[in-house]
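Shown next, in structure tokens, is the structure this report addresses.
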Amino acid sequence: MSTATASDERIAQTSMLSALLKRPEIGALVAAVVIFAFFALTTDAFATASGASTWLRSASTIGIMAVAVALLMIGGEFDLSAGAMTGFTGLTVGILCTQYGLNIWVAILVALVLALCVGFVNGVMVMRTGLPSFIVTLGTFFVLQGLNLALTKALTGQVAIQGMAQVPFYDQPKAVFGSSVSIAGGAVFASVWWWLAVTAVATWVLLRTRVGNWIFAVGGAQVSARQVGVPVFKTKVGLFMTTSGAGWLVGMLLLFTTSTVQSNTGVGQEFIYIICAVVGGCLLMGGYGSAIGAAFGALIYGMANQGIVYSGWDNNWLRAFLGIMLLGAVLLNEWVRKRAEMSR
Amino acid sequence: QETADAEDRDLTYAVITHSSPGDAFWDRVKSGAEQAGEDYDVTVNYSNDPDPARQSQLIDGAVADGVDGIVVSMANPDGLEEAVKRAVAEGVPVVSINSGIDRWQEFGALTHIGQSETVAGEAVGERLSEEGKTKAICVVQEAGNVGLEERCRAAAGTFEGEMENLQVDGTDDNAVTSTITSKLQAESDIDVVLTLGGQYAIAAVSAVDQAGSDAEVATFDLSADVVQAIEDGTILFAVDQQPYVQGFLGVTTLFLKDINGNDVGGGQPINSGPAFVTAENAADVATFAANGTR
Amino acid sequence: MSEKTTPETVTMTEPPARGTTIVEVQDIGKRYGNIIALSDVSTSVKAGEVTCVLGDNGAGKSTFIKILAGAHQHTDGTLLVDGEPTTFANPRQALDVGIATVYQDLAVVPLMPVWRNFFLGSEVRKGVGPFKSLDMDFMKKTTKSELAAMGIDLRDVEQPIGTLSGGERQCVAIARAVYFGARVLILDEPTAALGVKQSGVVLKYIAKARERGLGVVFITHNPHHAYPVGDRFMLLRRGKSMGDYPKSEITLDELTSMMAGGAELESLAHELAQTMGEDVVQEMGAD
Amino acid sequence: MSTATASDERIAQTSMLSALLKRPEIGALVAAVVIFAFFALTTDAFATASGASTWLRSASTIGIMAVAVALLMIGGEFDLSAGAMTGFTGLTVGILCTQYGLNIWVAILVALVLALCVGFVNGVMVMRTGLPSFIVTLGTFFVLQGLNLALTKALTGQVAIQGMAQVPFYDQPKAVFGSSVSIAGGAVFASVWWWLAVTAVATWVLLRTRVGNWIFAVGGAQVSARQVGVPVFKTKVGLFMTTSGAGWLVGMLLLFTTSTVQSNTGVGQEFIYIICAVVGGCLLMGGYGSAIGAAFGALIYGMANQGIVYSGWDNNWLRAFLGIMLLGAVLLNEWVRKRAEMSR
Amino acid sequence: MSEKTTPETVTMTEPPARGTTIVEVQDIGKRYGNIIALSDVSTSVKAGEVTCVLGDNGAGKSTFIKILAGAHQHTDGTLLVDGEPTTFANPRQALDVGIATVYQDLAVVPLMPVWRNFFLGSEVRKGVGPFKSLDMDFMKKTTKSELAAMGIDLRDVEQPIGTLSGGERQCVAIARAVYFGARVLILDEPTAALGVKQSGVVLKYIAKARERGLGVVFITHNPHHAYPVGDRFMLLRRGKSMGDYPKSEITLDELTSMMAGGAELESLAHELAQTMGEDVVQEMGAD
């Protein structure tokens, strides 16, 4: 990747490895390996096929959102409605199918369109009013949260979708979003494949396409990007729509894996996504980061969460352990990154 | 699964509930389960998550971990169906507690130890009607929580007067008090405030005072302060679902199955409550409430 | 615009006939809130001509060219492009009619690599359909060679542009504008951070662009840079135009003293003389 | 305030009012007035003395934290542990008094020292590691949340403090932190006075002292501030300590107003503080904002929250209403600010 | 430092004896990761002398002065202040020994008003004990008058500095350093964004500072600015020192051609001649 003139006396040394070490996700990768090793050595179940199946599953849905949120963050914006969006789309499909008997695929499509609309509205509001996205999407978050609760209660009389599995053709989307295949004795859920696919596509877009270039630019220096002719408006609105689209995907994965969604599904998760993205090397102020790093961040989170349970530590301390582990991972991450900087 | 004899008690049970972190009710379930673990010298791992997807991951995780039995609360049975069935298929005995009375047999659980939020809620609704109340608010401290919503819904179902939910921000005590105060100020004909946790009852008492309303306070769950308030007459009654029993009996059921092959309940659900704590019997439960076991 | 594939040193397309007016402004003005940065300025940019905009600090030069570049919208007057009244909603529109700009604050994204900055907004792609991806090799090679042509020998085009020296960054911005400038090239103090050699290269570029029939707007504080390449000199003072002179009507000395505010400069030279000695002031006066 | 030469032909017009309109809090002030007017007109109880008592009370504790968080945000940092800190200090005092029989004032002091230590650690970690404060304080937040639950449970056997009112000398701190005086028929709680005092001091520090200058500078351009000799480290650590000190104050106010704290007190509130600060005109990226604006932000939040209850709207929609109101307030805010910009 | 209350135009305290070495560097070097920006540079800054640092873009000039200013720490060699080996942990320490700096990127906080930026880090206060508050009137007045002395007539010192023009911002940074510079004044391309008049004022300031016995380090790309005020000229190329000449050993022409890299400049002039005509090149050559 490096095109440096090897013979330049102003460069101390350079190597193939050092190019890799420059990548923003390297720290998260190392932290993930360390956490894996820790739990693999201290607990029995963690490194088994069925153990891995559990933490991969829990990392996958968070990971998909984290990758989308990472793109948005690189583009310099936040989406606090991302968590509630996963519930919103799941509830939409659930209500349309169980209460109104709509065809399940049509319901899925309707949910997608609604999600994209919300993303579009978020983006347009942010760009047109000049308000920080943190506040605009917080408003959307509250609205979605209220809708999720009030509409679900009003239409189903409950706060969770029931009887989804009895809906006609339920098996078809279930195969796409909620099935699992057994590999070496552990179930690998569809969400894991989706996660891999989303990460791969996002990485390719970010590093190899024009749009990726624009995302970095609008996040790093919006005025400058505008001055050299980057379509800032379109790029940002597109990013918001990508995030809400990812929310739809995760909503479907949740709905068809567990065959239910609750009105409070996803509430509070929006920060987990941001955390994963930051652990994965994204800058909060935008302009720097990686999609694959966010995926590693989600993996760290998923592994820590499940590993603590396997360790059998007192559940009341769960949060404290999680906090310490998170800080540890980020510190390790930073240390690796600094070392990489030095040796590049 | 090996059949352990009384000497070889190297047993591990997982208790997996749908509680949110720090919930007072579920804290007592946890205490009961852990006490049982201590008494029988078995390992009890408690974990919880209100999200059914996460909860079923916890069940899968416990199965992967090779536990000898699982105690699970099924607030959202649809969401846990696959995970519980998988566990049963793997030969892990499952006992459901608290909620899920309609589905436990279908999922292949050993038994169900109740009672659910519905039963408790219905009892409260009836009781309030008996007290001659006509207009109530049901204070929900966590939006969208399945268990809390169920309590209010069931209470409203049997209550003969009018009952409305009031959402409050349970993590800000000041806001809880203020919001209840506002509601009482806005609708002065409210004559009873039903709260869903001991702490919120205390806040409701001060809100009633603040608003100058003559509504009375009734609550789910106990705490030392609540028992004190009942004795003082500032709280009408508290309904004790005896959560400790649910945790304790859940583990006991698995334990007996393991060491003695017992089928506790004999295919029927077991009831754990509810019990009403009023001014008459408050003194009897005061010490237990202070211990955090009632 | 992004389909260029010939790695020429300076690529310019569509040169209009020499002397035709490309951009014209009439009584143009700009306010920021209640601050009047520019008012009643009229001039035109012609193909094959270099218009120098001169003036004190804060005179409104950058404001003026930002209007031409589409970065700001004028609040008064008219902007005509090819005779049509226009308001550029954004710089993209200006770029699309062939106006490329070097901003005084350079318009670079500090955290991005040099080559990505160079092609930002006009990326070169290869492949077909939805699988079009960046032609990274071509872009890196072009960046390196374009900068080398300006005398900047970059260690690594992957280096974030924020870590370059001030002058190196300036050169990237200039090389970019020259590479993409199709009809009009606007340069806001391009030589400010440059060494003598690099300044010479920039002047050469301006001369070449003029040669090829581009209209050039050139802002500088250095009369020695402005006079050799300029065809017309527009003077701004406190947001107002003080005149628009063809080269034939003005000498270097007149230009210098106009830029410095005439009389004031002399008293300054006098003061400096008292502290540094007479001979020194002669050099100064030449500047 | 304006020292502009009145006769400068480059300035269109200038006035005393326009200087006021330039202030960042002006938008929040207008939004607060609008919301007040709305509820005062549409509900009976809102504008009465006892109604005002209620929404002032709920605004006050949030307001104190919002002001501290605003200072920190102007200084370019976040503190996600601020919410859990209010619970932490209250629980500390409660446990020390009810379980260990410590003198109540000593316990209050111990809690203050602990809080300041946490703030100090936050600050030092952020400055020494170069990690974003968003992540560091998130770690602290998790740790505090875990401690609050696990320690309270371990030491008291409960998840909330019981029997606080029976502690000796309880009345003394109650008078300072938890009393109320009746003004025109409505009870004004001690927290309201504290809120006013904190806002006034913060505003003075921000606008009239050297430290205030430094706060704006470290938030606006940390490298530049360092280059001109601003003690960046001290300023930032001081800000973190201020925030945790405010957390202590609010913890005391909560404890002595309600005579109990629960282990989950304050969890999730950290975002409410940030929201109030942003509604009050603070920039998320730092370097701009106002303390008084944050106080208005809290007022808006408190009024909206209670006003919705007074209006008797279906409570399930609470969040949706809140979201719409928030968006409305921020949009109004922005509109006023833009107008002010134009006319300055 | 912050207790100054005399609103003089240029306040300088503690002038050391002329000719004493204040700051000295020996074989100093700086790496950024594996990039070697500076290596083996030795020179000294003496009281009452102006040291000009010259060199191409990216030669390492800014890196060098950032080490003197405490903004970066050197990775090799020794920095001596008053003969003592020192490493400045931060710019505050350098300021405290009387070294004031104008950075190439100016070190201003864009959103803060001009007057707050001027006094940032060295605020003037009044009142006693914990109730000390900013002496706002004095600071505003001083800011306005110091800028006026440089020929910048500011509309409003409450204006955020980010809304000033490039040159106006530059003047604020210079005026601030001059005002607070006690023993050493370091200026990194101070005149780059300035008009002819403002440049003259800056040169006058440098001369005055020298007169009062301050050590000055002056970086510029303009030999016409460097030669009149400089006492010694240090040339950097690609991070290495190419020599350190007293004024007596060098003429303006030699300096100019050294800065431009000798032969290259002539070929450049030749090229430009072909496009612009002979007479033009004469002017160019003089630069």
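Each chain carries a letter (A, B, C, D and E) given by its place in the written order, and its residues are counted from 1.
Here, contacts are C-beta pairs under 8 Å (C-beta built on N, C-alpha and C of every residue); 3 or more make two chains touch, one makes a residue touch a chain.
Remember, predicted model here, so these are calculated numbers, not experimental data.
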Taking contact as defined at the start, I'd like the list of chains shared as neighbours by subunit C and subunit D. A, E
Tell me which of D-E and B-D has more C-beta pairs in contact. B-D
Most distant chain from subunit C, judged by the mean position of its C-alpha atoms: B
Could you state the distance in Å from the CA-based centre of subunit B to that of subunit E? 72
Roughly how far is subunit A from subunit E, going centre to centre by Cα mean, in whole Å? 48
Hey, how far is the Cα centre of subunit C from the one of subunit E, in Å? 26
Residues of subunit C that contact two or more other chains, please. 35, 105, 155
Where subunit A touches two or more other chains at once, by residue number: 10-11, 145, 149, 153, 283, 318-319
Subunit B: which residues touch two or more other chains? 21, 143
If you look only at subunit D, which of its residues touch subunit B in the complex? 43-45, 48, 50-51, 53-55, 57-58, 60-62, 83, 145, 148-149, 153, 156-160, 162-163, 187, 191, 253-254, 257-269, 302, 305-306, 309-312, 315-316, 318-319
Of all residues in subunit B, those that touch subunit D in their complex: 21-24, 27, 31, 143, 164-167, 169-175, 177-179, 181-183, 185-187, 198-199, 202-203, 206, 210-212, 223-225, 228, 290-292
Contact residues on subunit E for subunit D in the complex? 2, 69, 71, 90-92, 95-96, 101, 103, 105-112, 116, 119-123, 125, 132-134, 136, 140-141, 144, 155-158, 176
With touch defined as at the start, can you tell me which subunit A residues reach subunit D in the complex? 125, 129-132, 134-136, 138-147, 149-150, 153-154, 268, 271, 274-275, 278-279, 283-285, 314, 316-324, 326-327, 330-331, 334
Interface with subunit C, subunit A side, in the complex: residues 1-5, 8, 10-11, 204, 208-210, 212-214, 216-217, 220-221, 223-231, 283, 287-288
